[in-house]
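You will see two complexes here that share chain A, one where it goes with chain B and one where it goes with chain C.
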Partner chain A sequence: MDTIVDIAKAIKIQAKDVNVFYGEKQALNDVSIDIEDRSVTAFIGPSGCGKSTFLRCFNRMNDVIPSCRVEGSIMMGDVEVNSPQTDPVLLRARIGMVFQKPNPFPKTIFENVAYGPRIHGLAQSKSELDDMVEDSLKKAGLWGEVADRLADQATGLSGGQQQRLCIARAIAVGPDVLLMDEPCSALDPIATSVIEELISELQQRFTILIVTHSMQQAARVSQKTAYFHLGTLVEYGDTKDVFTLPKNEQTEAYISGKIG
Partner chain B sequence: MSNPIEMIQPDAETQARFEKIAQGLKQRHAASRRLKTYGIMAIVTAISFLVILLTTIISNGYTAIQQTELQISLTIPAEKLQNDEGVIDPVKARNFNWNGLIKKAFRAEFPDVTAMLDQRALGEILSKNAGYDLRRQIEAQGAIPAGETKLWIKTSDDVDMLMKGRLDRRLDESQRRLSDQQIGWIDNLVADDRIRLVFNDTFFTAADSREPESAGVLGATVGSAMALFVTVLLALPLAVMAAVYLEYFAPPGRLTDFIEVNINNLAAVPSIVFGLLGLAVFLGFFGMPRSAPLVGGMVLALMTLPTIIIATRASIRAVPTSIRDAALGLGASRMQAAIDHILPLAAPGILTGTIIGIAQALGETAPLIMIGMVAFIVDVPASLTDPATALPVQIYIWSDSAERAFYERSSLAIMVLLAFLITMNISAVLLRRKFEKKW
Partner chain C sequence: MDTQKHISSAFDQDLTILNDALQQLGDLACQQLEGAIEGLAMQNEANLDKVIKGDAALDALEAEINEKAIEVIAIRSPRAKDLRYVLVALKVATILERMGDYARNIANRTKVIMTAGNENIPGVNIGRMGQVTQEMVRDAMLSYQNRDAEMALAVWRRDIEVDHMHTAFHKEVLASMSRNPNMVGTGAHLLFIAKNIERIGDYATGIAEQVHFLVEGAMPDEDRPKADKTSKVVGT
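Moving on, here comes the complex of A and B:
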């Protein structure tokens, strides 16, 4: 049954020979990977292995770093992400991102979620915007907790709530891909498990790429796992295979806790 | 009562290491105490200098808050001032010899003073502008008092100084600005209760004058305010835009580095150089009016620009990059990220930087001298292109004057300037507190 589903899943993003340089230093070496549609792909590996750098290639967030240069091809549908002709603004509307540390704007809860639809001109009226905010907060599993205090400062929420607000803010724009850069590293175990459940739900609508330090988390939430080491993609496959029968020695060493 | 618990002692090597650390501790604590003492000494020194400065200014200037007046009884000839309807005619009032009227009335009280020189000495007790003051007083009342009336008239600055104890009676007569004879008259007037010290409202309602008793800071204050208005209007938007560009849009490279280095250099350029620049460019090339607050404000804007740019860039950088990332990650353009999120968060810092820059500009004299704002101007400026002077320049002009009475007035003007500066700095702190957000 699993096998059939796996085959049925289409490829959403195809990265080919991606190289990233920070000035003279090469951070990623010829990374090629096919990302499946509506699945969770986890990027794991020791610190400094390039997994976050790789994640930021998908929505061109590396553009912000002046010394950073990205080579290679990342195709999403018929869009070449890495082409200078591709507008990063449009790209980031299609690919949402959730960061390591919850980073709500120091504004109200409503304003945080409404900001994306507002700048992209997605809502025609106030009531439509209200609906979008409510819908996004519901999808992020936060509506029940904040419905009666949308006008409160977002910074007053707990860490886990803030992170779910950031997820709601990202999906309010209506992307089809979500990038998550260690979304639970600043959260306690209970908030983490709430976010993990949420990721499993969101997977039905979105293609999710998640960078994580926690191998248990990768095992729990992802269908595919990619193991990075020193800027190279060492192993990539179904999560259950990577964790039970790693083909590569380095992967095995990392997963079993010998390095990392 | 309870059994003593046997504790494990550390081994000899550990014990020796602890003892070694303990030996050094005394010296380390002494070093930090010494550093603390140096710090306290530095602060005490700074504060005592400040106290000396303020005490000097206040003790020199507080007397200027009062002005000496003399009571005179005189009859104003209504028929020479009114037109047929019994209303004061402005032309007649202007042409009337008010000074002569006052002097005549004052001389009449001293019938035994007949010699011409003595009469002149008597006239020196009165302010040279007494006639002008009286006309303004009558015009403001709109009616001429009938018959003989008692009026208070300003005395000359020398009498003012004598009354305030700033003229030493023990000096030899030839060294004094008032003769023994004049002092005698004044003492008699004091004995008759006809000399009083009143609040010096002229100081806060008039512009400059050759006579200290008629001089005020309003002209200079308005001039300063106008110049600063122009400064804020020009410097704030230019500086914020320049800072945003440099932080977010400027492509890294030699040109950007060159611009950055030069902005920092500009902040260190002596202010008089900006004055010379203003003289050459604004007055010389563009032919703008001399002594105008508009030009003064433009020169001060040039001078303030680097300060605000540097403060703005620093406060933009202080906004966590996570906020910028959040906005960009949602698909905001760089400009939207800057305007919607970063500038509002940087606003308290920008505001503080601006107010500090403006406060600096308020105290600036040299560039204003270069563009002619050092002129002697008796009118309060009504527009940005009227000739005007500024508070620090006014202080400079007065401190340079020979009259003793200008000396106390310049100290009072310094207090006015300081009050402005303190108000601005307090408002900077308050605004910062009000707008500061936490994240």
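Moving on, here comes the complex of A and C:
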């Protein structure tokens, strides 16, 4: 329709010709993708397709695997993620990560969130740190449930609450980007809905990349979807197009439940 | 049907059930239409009664298709072509059921015309109209069966033939009514019958559009040719 103006979003991250090797085995082949700012991009595909490997490229998590070698370029603004000059610790403050299983530190709720700002020296005073913790817990939609028990052990929280605590912990250090690797796979449907609602809210402030095995989840939370197969980016486009009229037959077969 | 199977064989079975039921409904609608047109041409009361009674089967089958489609959506979460497949089944079933209603209405009106006992009923164009419409419905269902978007487009473009015949017949009946006041009652029913047949032609194009959407993922992108001028005819 004429009245709808298509406003192209700014590009937050540009990945170009990314190849990943585990020893001799190539796990990703020449993956190039532009990630839009303040949007949710879902990576989908069968197990072993390379989607998690690709996600881990964005904050150099593959560095911790000795046999892993990453080639190509991932530019976030003027920062080359793959450059040896880029400090992975500082990079991970800008690009936070939430994992499959909630992994809170065996510390209090407060300490879990305060840990990042403290080691990065982001707070000048106790009250400033308190404010950061409160702000992060509010953004993660957890404050109302834990405000009166910040000194309790984080491990006493429910699975869904623990996962939101991990999100609060990730955003406490002020990242631009959040990587989520199957963040709801260990949660029940209610906790999953809460996290998905949270993702929609967080998208206003952060660029979110999410790996999910749930195609319904990818369809619900993301604006862009990338389909991977055998280490290759097969199709990348608007989520509504990928799930209604995919261009590629492999994508169609996967989203229709015809290949595993 | 697509050759590539789902991992879940039950999903394939569900889609097959939906497909078979829709084909069956298409066959029934064609039979009803044929019965109504033949009944009109031959003034055969037994044929007309069969059409009137036969409509309930279409209603029941449409309800079954609706129920199955809702079940597939709720349980299988179909996507892409599978989703279009289910949505198209729902829409085409509604169209076929409506065609059945029009066939029944033609049969009812023909029976009224028969009791009036008018002779010299103007009927050349309406017979041809009925024939073309039946061909369109058959071809539309065949294009569905074969997932043939080109064939569907051919049906879609053919509707203009029915429109032309409808306009001509409309004028013919009006002329007959103005010449012979005894023809007014019969003529009014004939106008409705002709309109019913013309609407069935429109519905055939509706099926064709759905087939195009199923195969291509989009409705036909050209304007459908139309030539039904009866709404502008004021007299003879």
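We take it that the second predicted complex is superposed on the first by the 253 of 260 C-alpha atoms of A that agree within 3 Å, B and C clash if a C-alpha of one lies under 4 Å from a C-alpha of the other, contacts with A are read in each partner's own complex, and residues count from 1 in each chain.
We take it that contacts are C-beta pairs under 8 Å (C-beta built on N, C-alpha and C of every residue); 3 or more make two chains touch, one makes a residue touch a chain.
Since this is a predicted model, take the numbers as computed values, not measurements.
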- [ ] Once the two structures are overlaid on chain A, check if chain B and chain C clash or fit side by side.
- [x] fit
Open item on the list: With both complexes overlaid on chain A, does A:Gln26 touch chain B (first), chain C (second), both or neither?
Closed with: neither
Open item on the list: Quick check on the superposed pair: does A:Leu90 touch chain B, chain C, both, or neither? Answer first, second, both or neither.
Closed with: first
TODO: Once the structures are superposed on A, label A:Asn103 by its partner contacts, choosing first (chain B), second (chain C), both or neither.
DONE: first
- [ ] Could you tell me if A:Val173 is touching chain B, chain C, both of them or neither one (first, second, both, neither)?
- [x] first
Task: chain B or chain C, by number of chain A residues touched - done: B
- [ ] May I ask you to decide whether A:Ser73 touches chain B, chain C, both, or neither, giving the answer as first, second, both or neither?
- [x] neither
- [ ] Mind working out whether A:Pro246 is in touch with chain B, chain C, both or neither, as first, second, both or neither?
- [x] second
TODO: Figure out whether A:Lys258 sits in contact with chain B (first) or chain C (second), or with both, or with neither.
DONE: second
Task: Spatial angle chain C-chain A-chain B, Cα centroids [nearest 10 degrees] - done: 140
- [ ] Mind working out whether A:Gln216 is in touch with chain B, chain C, both or neither, as first, second, both or neither?
- [x] second
- [ ] Quick one: minimum Cα-Cα distance, chain B versus chain C, in the superposed arrangement, integer Å.
- [x] 26
Open item on the list: Help me check something: in the complex, which residues belonging to chain A touch chain B?
Closed with: 59, 61, 64, 66, 88-93, 96-97, 99, 101, 103-106, 115-116, 119-120, 155, 166, 169-170, 173
Open item on the list: Taking the touch rule as given, give the residues of chain B at its contact with chain A in the complex, in rising order.
Closed with: 252, 320, 322-333, 336, 340-341, 345, 437-439
Task: Interfacial residue positions of chain C with respect to chain A in the complex - done: 4-8, 11, 77-83, 217-218
Open item on the list: For the complex, give me every residue of chain A touching chain C.
Closed with: 215-216, 219, 243-246, 252-253, 255-260
